[in-house]
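Quick notes on the structure that follows.
Letters A, B, C, D and E name the chains as they come in the text, with residue numbers starting at 1 for each one.
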């Protein structure tokens, strides 16, 4: 028990969940065929907002996290007006540039404390542990492990809720509009779909969840500084998403979990770790260019175990 | 008057693709556009559906100007089209392609979509029923779950028509629907188009080079040449118009 | 000071430009962004450095050696990471990820081989400054600038005027059609990637010479800027890459000179976003490009 | 490699120590130096016949990434059950992973985190990294005595928390001493082009240039400045203190001043033995980062032996806090009551490519 | 025989588009291939060009086996295809498209002469020679595609539905051009939906249905076959 449920494993689970949310946020824009890489910027907005709100305004953490997401959405509304007109790599680089602008602002603003960052951000695990201390005492779990355990549970619930949300959305008229825009913008527009509206919608959702992921990160790391949200972060998120399979929602969680856990398993390889990581990416793309999960795989699973299949993969993704 | 083009001019840089085109389509009509290649027929479709903006002139739909409107707005007003080069959503199933066409008919927002409210479910079921209707009409109901890109060419054309019909148009624009079909298939398509008009009371604006089909199907025809209107009239008038024969039809080489 | 800063900007800009040209070339034929280009640039710098320090070669030999090395890397990149993807119909994301994989691999390989320390060419290659009155400039800066211009002209000629250039364009647009026209597309692609990579390696040597800083992560930093320049100028457009490089270089330097140095990167990317706002396909995109509905 | 032989040796016991640093990624230059220092220390300790408790070292790489630092700390504490941790490397990392160690009551002994708030995290956080507030005033004062300058230009790395902190200390010191700051410019870690900033500084014509940065950028700044014909002395912070600085800047390094715990020319036995052993093992000169990491491991080892335990983390902490007048390669070392280092620093200046004391 | 297909089996993934096709094209002739949508006509053309590799059977060109070669090698052998859907290079000018047709040739004068011939045949293309291929109208693109293939001076020209989307007057012209090209010594394999016209100009004809050849013979005989009349000629005449 101790071997599996120790703080280290729980920590990895926590980061996996945050990364799932982050890679889903990349996936959400890919859904409409937009490769937007501003997510590190939105993450940063969410993280700073939530940190400042809890530390300086004393807002309760859940409210602050949601507000972090909302703040990111608000920023996205402004940024989205010029950028969602762009296509392909132009959009990718412009949004990546937006992330850089946010980073430089965070480096220079007073409220973000520049490069020194914000420290002493309330920890989510501790807060949960304190809240449930009586209950944990009964179970004879110390409040720290308990707090972490609770945090994992909460995050898993959040992840499942987001997956459920997006899954339902994809099955609806809105999801069909997304898919149509991704397939052929022009034909979609002439089928009566207001493409700007839906592109913006997916962009805002993406920003919101990136903001939430950022806020969760802030309350996990307890310390944030602008370097945490550099463009590597979003490249990582893109890797998760494409690695797992960027054409299907379940790809993101799968990819995020694999690519979060794998480097931890490979720790002993020391400086060869990155080399192997690189080779693995090249190899996977050569053999499965659409990522691990693709339409066909899902369809096969679907056929073999109707209805169940999708949920199965979900669980795989969450673990 | 359902659709009215008033002195429409469209220029691309130096090229004038349409110059001073006027004609109008009445409700319930099958109206044909013919003309040599590059005459500016597809350009007219692009102008009507808002893909391009006119350089001069105006386009009225049901009496109001649709100039400056976005393509999706025009679609929701009731104009749908197919493309000269097929543009389906290749990875979606046949039914899904049609459901995309239903978009403007549906209204559920984010929350009702996520929580599958009763209204949303009813709406979805209705949309599916209607989409299946159209598929059945064009003869694709058996293929509803097939991925669109794996359909043979002829069926893809029909699916485009079904998708366009799913937007519940008052006016349907068909750009060379019979291209790549042989005579028998073309004849069947003619029956289908007439059936659409009769069953769904949709007016049709049709571009096609197959003269047998056009003469057979159209109530009225306009002939475009070098972006200008060359002639307009009933099929018989057009067929015997010497200018049209010279510019477009050519001398019949047989019989 | 204005002129001196302008020179500084042009110097930095020519570094950005030569890198962006390599990106553009590969994009021009494969329609993919080669994320490993920065690392090939870095390898080029190290190969040149090794030839000078370990083998005692003179700088021109080193430059040629680096270009050969770059070409070999380009070949391997194409053969191992891009060709397998081309056999299937894939989205543009797959090669992006695959080349990111290569870049991660190359960076950690360089760290393993050459260690993390910054290295530079021996002092005899550092030019002294020449005082031209309004400003001071070093030989290596002039060479860097000149190289950028010459490269641009040569490559533009190659692509616009020669048969091989037309084949490159055709391949980039539609590989199947190009094949039907009798073009050996595999060879064209390999050729282009090797050419771009050897140019990247040469750029590495030049930038290493002019900024005195060769280390394993240099490819990433420079590559990122090169990417920005690429977008600013318009994808697949050599003249655009060139002008984009100069604009970015000058913008960065002037943001330091007349604004606050701490906002340097924000100014640079702000400009890019602004440019894209007015010209969504970059500065030098041709109007009317692309098909029609 | 991890030193440390298995249990069952003559003295039987070994203590598991975690060492967290960034030996790949953007901080690799510094992380590898530290790793070399620590590996050498562990090797020496475990070979020494007088050693009572050996060190079983577990090394973790962070790639200079906060998430990795947190994971590594958690893994060391919870899974590998180390007695104490040396590291992580930078202020940013310890600010994120320090609270974890503090909460789990495991010592985190950093050799790189110079930021002002590091030891405020709690009583389990120690460091021998010289905080800027110790080093910079000494350098400036000595330099001021020697050169009597009036105008200074300040150049610092804006995306490096440590350097931003130190730039503030610079500004404080200059203000206190009545020195005019004629220009303040920033750059970013990994920048290679400093021409714009230096052109501006040249126009402002200060008497000295003060830099808060790491030696890689520092060397490029010095080189470019000299190339542009600027001959002002340069005051560096402790990030400069590496033989690599001289190697990379070449002749341009002359005239650079810095306050440091590590002086390769120091004539103490410890210092010279370390230097010799280091050069023998790695083939290059050690720098401050290697020396401090090396000393830190010895300090940890001494605390382990004094505490008489290889598992009780609390006892170990108390023993560590008691360390005074430890003599290491960097001189005589004690913790102050805030677990910060209290030690004498040498102010050095580079002359003819050598660090020499500034008299 | 210039070209011979023996028992070709080919397809896409699990779809079998050709289930054992044998046909031959004599030198100097026009052979036409007709059949309903999805019969496998285009696949036959693609297989000859090496775009689809046959799973079984043999393709011989001038007596030499051709199967397994890449498209550019097939072009080098002397075969050109005007593909279905034209496949014009959208972002290249009309003239560049035409020059690329002659990619494997190096006789400057010959190319210039052929270019002039193409322009004479299709004056419309000369008017538009600087325009991007992608902005041409459908019919203009078809002319360009034919012109481009001719620029390679092939011994065997494969035409996949050249009359698709063309105005009646141009259709007539295209068939004249095909006859013309054939008259100057180029052998032609023609896939057409306009079966009537195709059978008129062809010497020999094959009829395909779902991956099989169901009928073959002299073009005039095939045209007279009542089944063909019913299925492909719209029942009229």
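By our rule, a residue touches a chain if its C-beta (ideal position, glycine included) is under 8 Å from a C-beta of that chain, and two chains touch if they have at least 3 such contacts.
This one's a predicted model, so the numbers in the text were calculated from it and none came from an experiment.
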item	value
Chains touching both chain B and chain C, listed by label	A, E
Shortest contact path, chain A to chain C, counted in steps	1
Centroid-based (C-alpha) most distant chain relative to chain B	D
Interface ranked first by C-beta contact pairs	A-C
Gap in Å, rounded to a whole number, between the CA centres of chain D and chain A	35
Distance from chain B to chain A - Cα centre to Cα centre, in angstrom	43
Chain centre separation in whole Å, for chain E relative to chain B (CA means)	30
Computed distance of Cα centres, chain D from chain B, in Å	74
Where chain C touches two or more other chains at once, by residue number	108, 111, 260, 262, 264-265, 288, 292-293
Contacts with two or more other chains, residues of chain E listed in rising order	135
Contacts with two or more other chains, residues of chain D listed in rising order	24, 158
Contact set on chain D toward chain A in their complex	23-24, 59-61, 63, 66-68, 70-72, 74-75, 77-79, 92, 95-96, 99, 103-104, 115, 117, 158-161, 163-165
Chain E-touching residues of chain B, taken from the complex the two chains share	12, 15, 34-40, 42, 84-85, 150, 152-155, 176, 179-187, 209, 211-212, 247-250, 253
Touching residues on chain A, where the partner in the complex is chain B	165, 168-169, 172-177, 179-180, 183-184, 186-195, 201, 295
Contact set on chain A toward chain D in their complex	3, 6-9, 11-12, 15, 107-108, 114-117, 119, 123, 126, 144, 220-223, 225-228, 263-264, 267, 270-271, 273-274
Chain A partner contacts - residues on chain B that touch it in the complex	49, 51, 70-73, 75-76, 80-81, 83, 87-92, 96, 99-104, 106, 108, 110, 113-116, 120, 123-124, 127, 163-164, 166-167
